[in-house]
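Below are two complexes that have subunit A in common, paired first with subunit B and then with subunit C.
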Partner chain A sequence: MSDLLTSVPEDKPMSLMPDEVVFRRGLAGRHLRGRVWKIFFMMAIVLALLSLVALFLNVVNSAAGLIVVQYNIDPAEVVPNGDLAAATAEQLAAGIVEYEPNRALVLIRDNLSSVPVDQFSASTMSQILGTHLYPESAADKTPRDLEPEERAAILAQNLSVDVMKQFISDDIIGLNVLETHSLFESIFDRAAIEEHFAAEFDPATTRLEFRLWLRPSFLTSGQSSDPVLAGIRTALIGTIWIVAITVLVAFPIGVGAAIYLEEYAAAFGNINTRFGRFMQWFNRFIETNVRNLAGVPSIIYGLLGLAIFVRAAAEFTSGRFVGVTDSNGRTIISASLTMALLILPVIIINAQEAIRAVQSSIREASYGLGATKWQTIWNQVLPAAMPGILTGTILGMSRAIGETAPLVIVGASTATFLDPNGPFSSFTALPIQIYQWTARPQAEFRAIAAAAIIVLLVLLLLLNATAILLRQYFRRKLQT
Partner chain B sequence: MTENGAHAFELQGVNIYYGSKMAVNDVNLMIPRQKITAFIGPSGCGKSTVLRSLNRMNDLIPGARVQGGVFFGGQDLYAENVDPVEVRRRIGMVFQKPNPFPKSIYDNVAYGPRLLGVRGKAVLDEIVERSLKGAFLWDEVRGDLKKSGLALSGGQQQRLCIARTIAVEPEVILMDEPASALDPIATQAIEELMKVLVQQFTIVIVTHNMQQAQRVSDYTAFYSIRKKEEQGGVENRWGILAEYAPTERLFTNPASEETERYIRGEFG
Partner chain C sequence: MSTPSEAGTMSARSTAVDMRARREARTTIFRRPRPGETVIQLFLLFCGVLSIFTTLGILYVLGSEALLFFGSGLVDLGEFFTAPVWQPQAEQFGIMPLVSATLMTTLFSMIVAIPLGLGAAIYLAEYAKPQTRATLKPILEILAGIPTVVYGYFALTFMTPLLRGIFGQNTVSIYNVASAGLVMGIMILPTIASMSEDALSAVPRSLREASFGLGSTKLEAILKVVLPAGLSGIIAAFIVGISRAVGETMIVALAAGAGPCKLYGENASCFQPFGAAETMTGHIVRISGGDLSYNSIDYNSLFAIGLTLFIFTLVLNLISRWITNRFREVYQ
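Coming up: the complex of A and B.
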C-alpha cells in the first residue's frame, strides 16, 4: 500500500481524497455495514425456514398419536385386524350378518326394498330387490328364510361400504374415541399416558392404541360424522374437478388475452394518429387494471361468482340445459368459473412477461421469411414463451387449490355425502373440509384436519412438480 | 422505373420517420438487379433504416413511417393493396446477429417453405438439401440435420440463416451487417458465398466494414448525417444519401469531400 503512495509524482495536484489512515478506518466501517445487512437478510431466510418447520411439525404432531377407544365388541372380532376403515364390502357384510342378522334385514328393507314396508316380510327376494343384485338361490325366499351367506351377499353387492362401516361402528362395535393424544406427547410421554389410561379406563371395554390418522382408508372413505371413519374422498374428488376445470378455462383465455395485449394491441396503436394514441392509452389502462385485479381479495371474486354464475347463469351452471334436474347453481362449474376468474390475472401477467421476453430477433427472422403474424406467434413466440407461461399457470393452480373464501360464497356444501359426478353436481373441496373439521370441538377432528392438510400440501407439491417437469421439458426442447 | 428492368429497387424521395422524428431524409436511389449493392456510412446515418424499408421490416416498429416511393419492379411497396407478407417472401433478409430458430437445422430451412404451404417429405428434403448446398453448408451438416441450429458455430449459423432465406426462393436478399458478429475466416466464407449468390439474387448489404464493401460490392451508397440545432439546445440528426456510385469509382475517386474523408477513416 505505502509504496503505491511513494510513486505519486511530485507535481501532482494535492489529493482531495482521504489519506491512508482515514481510508483504512472508513474501509473497516464500510465492510462492517455490509456484513450487518448480510446477517439481516440471512435472518429473513432463517425465519422463513423456521416458520415452515414449525408449520410442518405442528401438522405432523396432530396427524398421528395414541388414542383411547371404547367399544362394546372388539373390532378385531368383527373385521380382520379390527381396521374397520380398510375392510372390504364382503368383510363388512359378513360382520353385520354375524352380529346383527336381523338388523341386516332392516338394512335391506330401508335401503334396497322396492315393496311397501307392510308387505316386506311376505314378499320374495326377487320382488323386494327388483333390479338389485342377489344370489339366485335367494330369489324365491322370503327375507326370514335367507341363509346368512345370502344376506351377506345381498348387502355386499348392493350397499355402499360407507353405509356398512357407519352401521358397524355405531350399532355393533359402538366405537367411540374417548381421548386423543398428539404425536410428540405419545412418543415422549408415553409412560404417563399409559399410567393415566390404567388408572382411568376399564381395559375390558377400552383400549389404548396408536393411530395414524393419515392412512390409505382416509383417502378412500367418504364423509362421516365419526372421525374414525371420516375420509376425504368426496372433498378430494371435488378439488380435483374444480382445479381441472379451472385450468381448462383459465389457461386458454389467459394466454389468449396475453397474446392479444402483447402482440396485437401493442402494434394496434399507430402513435402518429390520434386514434392510435388513444388505443395505446387504452391498452395501458387495461394492463394496469389486470395487474390491479391480481390483488383483489378472493372473497370479492366469490361475490362476483355468486351473482353471475350461481344466480344469473343458474340455467347453465345448474346443468338444467343438459337435463340435470337435481341441482341449483351451487355446482362445481360455478366454483370452477369463479376460480378461473380469480387466477386469470396471474396467468395473463406471467404469460405477458414470458411473451415479451421472447427475443425480437426470432420474431424478425420469422417475419423476414414471409410469415404472417399468426404464423410467427404460433410457431416461434408461443413455444419460446411456454416455460414462462407454464410458470404462471402453476402459480394460478396453486392458488386455486388453496382458496377457500370464494368456495364458501359460491356454496360449497359443508356436508355432502355424495361424490361429485360431473361439473353440475354439488361439491365440497379440501380447504372447506379442513375448515369445517378444525371448527369442531373434538380433538379427533383436529387430528383428521391435520391429516387432510398433509394431503392438500402433497397434492400441491405434486401439481407443482408436474408443472415444473413440463417447463423443463419445453425449455430443453428450445435449447437442444 | 426503367423499362428494361435492370433495376430491382427505385427509391424516390424517401423520408423515414420514427414517430415525429425524422430518421432519413430524401433518399433517391436505383438498386440494380443481380448485383451487390453496399450501404456504408457512420453509425446513426440511417443505412439500416433504409435497408429495412426495402422489405417493410420497419412496419414491425411501432410509429415507423415511410414517405415517398419505394418501388420494386415498378410496384410501390407501400401501396394500399400490397401485403407486407408477400413483400418479405419475395425480399428476404439476413440479420446482423445470426438468429436461427431454436429448432433442428432441417426445420430451420424448411420453416419458410412450410409457411407457404409446402408439404411432403420428398419436396422438403429436396429444398433443404438444395438450400444448404446453396449456402455452402451442406457438406458440414449433411449427416446431422436433426441437430439444433443453435449448436452450430457463429459462421455456420449465419450460413444456415442464408440457407433458410434462399429456401423460399426470394428475388432479393437484404443483409444487415451479416458478418459483423463473425471472425475473419467466417466472414470470408460469407463474402465468397455472396459472390456466388449474386448470380441468382439481387443483394443489398449494409456494412460497417469499408474493405468488405470494396471487396464484394458492385455499387456503393454512402450515407451521412446532417444535424440541426433546434431551439432549446436540442440537436436533431437525420441521415441522408451522400453519394452513390459504382464501388470502384466511389472508393478511388469520390465526388464529395465528405465521402473521401469517410473512406480515409477520418470519421465514422
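Coming up: the complex of A and C.
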C-alpha cells in the first residue's frame, strides 16, 4: 500500500488512475494471479489432508496381509483352528502332551519342580510339585507313570499361557514367517503373490495365509520375541498405569496452580507495599515460566526424570522404602512423575483460560451471599470452569499416552516380560513398544508396530470423544 | 445500621453497647481466623511455585551433569564446538555434527511447514466459508494430535520408500535426513497454520475493506495489507515451529539415522540431504535406550547435549515471545 502512494508524484494526482486500457489489461492479469494463488492456498490444505490420509492408509496397509509361513506340523492339528495365540491353557497343554509327551515332563522339571534334577525321575509328583496344583490321582506317581491327561492337567494348571505358546511355536509347530505382504498388495496383486509362492516355496511345509496382525489375541498376549505371538498386553497395562498416576498427580497440582494464578495472585499483590510489588513480579515470573516450560522439548523432561526420579530419588521410586526389592529407579512411578511435569503446563494454561472465562458476576454474587474466597472458588468458579479444565486435562492425557522420548529415557533398557503390578514395577508402554518394533528391520515387526499404532490411535480417539461428551454433560448440567 | 439522627436519640450507654456489639460482629466476619483457607492458599501457592522448581530442576540437572562432562578432562569447550565428529568410544566429543543434523532436519521441515502452513492459514482465514473452516480446522488438529512415534513410523515406511522411488535407491539411503525432515514438516504444519490463522483473523475487517475500496483484488489485499498487519504473529508461529522441529525426537530417532555424521575432513557426511545423520535428540534417545551406567562419560555427555538443545529452544521461544509482545499491532 505504501509503495503505491510513494510511486505517485505529488504534482500529478490524476495519474493515480491508470489509463483505462492499461487498467483493463492489467486487471485480467491481477485476477488471474488471484486465482492461481487461491489454488495454491487450497493446495496447502489439500496436501495436509492428503498426508493425513496417507498416514492412516499406510498404517492400515501394514496391519494385515498375506504371509508365507513355514510349519513342521500344521498348527491346526495341535490347537483348534490353528490359532495358537487365541488357544486356552487346556488346549495348549493337550497339544504339548500329544506331540511332545516327554518334553512335557521337561517343562514340568524346568519350571515347576522343587526337587534336585538328579532325583526328578525317582520322586513322586507330590514331592516334585510341592504347593503347585496337580490332580489327586497323580500324587503318588513318578513322572514317567503319569497318564497323558494328568500331564496335560499339571501343565494347564501351573504354566503360564505365554510359556506354553512359545514352546508350541518354537518346538512343535516350528512356526516361521518367511515373507510378509502388505494389505493392498494382498488384495490387488493376489495372483502375482500366489504365483510367486507356487514358484518359490514348497507347499508341503509352507503355506500362504491371510493374517490380520491386529486381532483379539494381539491385545491379550504378552511380550514375545516372536512377532506371530507378540502382543501388547504388558505395554497396554504399562500405559494405563502411567497415564492414571500422571493424571492423579498433575490434575490437582495443575488446577491448583491455575487457581493461584487467576484467583489469588492479583489479590496477593497490594501494589503500594514493597512485598506487594515483589509478589506481582513473582506472579508474572511464574506465568512466563509456565509458558516457557510448555515449549521445552519432551526429551529434556526425560533427562530431568532420569537424573532426579530414576537416579537421585531411587530410594523412593524403586519402592525400596515399602519393601520392593526387585527394581531399580526405572519404574512406573518415575515415568509418571516425569510425565506429570511434562503435561503440567498444558493443564495449567487450559485451566487458567477456563477460570478466566467465568463471569465475575458469579463470584460477586457468591461474595455478596457471604461466601469466603475459597467457598466461592470451590462452589461457583470451579464447577463453571470444569468443562474447560477437563478439556485441558484430556489434552494433557493424550500427550502422556503418545509421548515416547521421555519414557524411553526413563524406562530405558528394562526389557520386561512381566505385567506391571504396581507403581514400583518396571514397565514398557505402548509407544515404547511401537518404537522398538518399528526400529527392527523385519517386515513382521513393522506389521505388529502398525497394529499397535492402530490401538494407540483408537485409544486417543476414545479419550477425545470422552472429552467432548464430558464437556457437553457439564454444559447441560450448568444450564439446568 | 442506625443513622446518626437515630443514634443521637439513644442514650450514651446503649450507644456504647451497640458500638461494641457492632465491633464484635465485624470481627467475626473479617478477622475470624480460617486455618483451612490458609492451608489451601499455601497449597495453591506451592502448586504455582512448583513450575519454578521444575525450571530450576532442569537447569540444575543439565548444568551440573554438563559440568561433570567438561570437568572430566576428556573434553574442553574448544573441542566441544569445533571437533568434526562425535565418537564417545574414541573420546571425541564435537557437538557440531549433531547440531548440523538437527539444523538439516529443521530446514527440511520448514521447507514443508512454512509455505504449506501459511498457505493453509491464509485459506482458512480469508477464503474458506465459515462452515468449511469449521470442518477443516478440527481435521488439521488431528494431524497435530498424532503421537510423534507414529510420524516416525510414517517417515520410515512411507516417506523413505517414496523418496527412494523418486530419486533412486543408490542416492537415498534407508535412513536419511530428508525423509525425517519432510515428515516433521507435516507434523509441524498444523501448529504454524493455527497460530498464523489466529494472527490473520485478528487483523480487523476495516483494513481489508479499505484495501478493497482502493481497488485492490482479494489477493492484493491479503498480500499487501493483511499479511504485513499480522506479520508479528506469523513470524512468532514460524519460530515456535522451528523450536518444535529442533526438539522433536522420535521421527529423527527412527528415520534420520543411528550414528553421528562427520562434519569436515575426509569422508565428511553431514549436509547430505539423502544421507544418514544423527541429531542431538536422536543421539540422546539411542544412547539412553541402551545400557547406560551412571557416572560414565556417556551418561554425562547426554546432559551436555541436552543443555545445548535446551538453550537452543529456550532462545527460540524467548525470541518468539519478544516478537509477539514487541511488534504486535493492537487494533480497536
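Worth a mention:
Assume the second predicted complex is superposed on the first by the 432 of 480 C-alpha atoms of A that agree within 3 Å, B and C clash if a C-alpha of one lies under 4 Å from a C-alpha of the other, contacts with A are read in each partner's own complex, and residues count from 1 in each chain.
The rule is short, and it goes like this: a contact is a pair of C-beta atoms (placed from the backbone, for glycine too) under 8 Å apart; a residue touches a chain by one contact, two chains touch by 3 or more.
None of these values were measured; they are calculated from a predicted model.
When both complexes are overlaid on chain A, the residue A:G368 reaches subunit B alone and has no touch with subunit C. Legend: residue contacts after superposition of the two complexes on their common chain; A:V115 is shown touching neither subunit B nor subunit C.
In the superposition on chain A, A:L470 makes contact with neither subunit B nor subunit C. Legend: residue contacts after superposition of the two complexes on their common chain; A:Q380 is shown touching subunit B, with no touch to subunit C. Once chain A of one complex is fitted onto chain A of the other, the partner contacts of A:A266 are limited to subunit B, with no touch recorded for subunit C. In the superposed pair of complexes, A:L459 makes contact with neither subunit B nor subunit C. In the superposition on chain A, A:W37 contacts subunit C only, with no contact to subunit B. In the superposed pair of complexes, A:A89 makes contact with neither subunit B nor subunit C. Once both structures are placed on chain A, subunit A residues 372 are touched by subunit B and, in the other complex, by subunit C.
Across the complex, subunit A meets subunit B through its residues 266-267, 269-272, 359, 361-372, 375, 379-380, 383-384, 477-480.
Taken in their complex, subunit A has these residues touching subunit C: 1, 4, 30-31, 33-34, 37-38, 40-45, 47-49, 51-52, 54-55, 58-59, 62, 252-257, 259-261, 264-265, 283, 285-286, 288-293, 295-304, 306-308, 311, 341, 344-345, 348, 372-374, 398, 401-405, 408-409, 412-413, 431, 434-435, 438-439, 446, 449-450, 453, 456-457, 460, 464.
On the side of subunit C, the complex with subunit A involves touching residues 34, 36-37, 40-41, 43-52, 54-55, 57-58, 61-62, 65, 115-120, 122-124, 126-127, 136, 139-140, 142-143, 145-154, 156-158, 186, 189-190, 193, 211, 214, 217-220, 223-225, 240, 243-244, 246-250, 253-254, 281, 284-285, 288-292, 294, 302-303, 306, 309-310, 313-314, 316-318, 321. If you check the complex, the residues on subunit B that touch subunit A are 17, 19-20, 55, 57, 60, 62-63, 65, 85-86, 88-90, 92-93, 95, 97, 99-102, 111-112, 115-116, 148, 150-151, 161, 164-165, 168.
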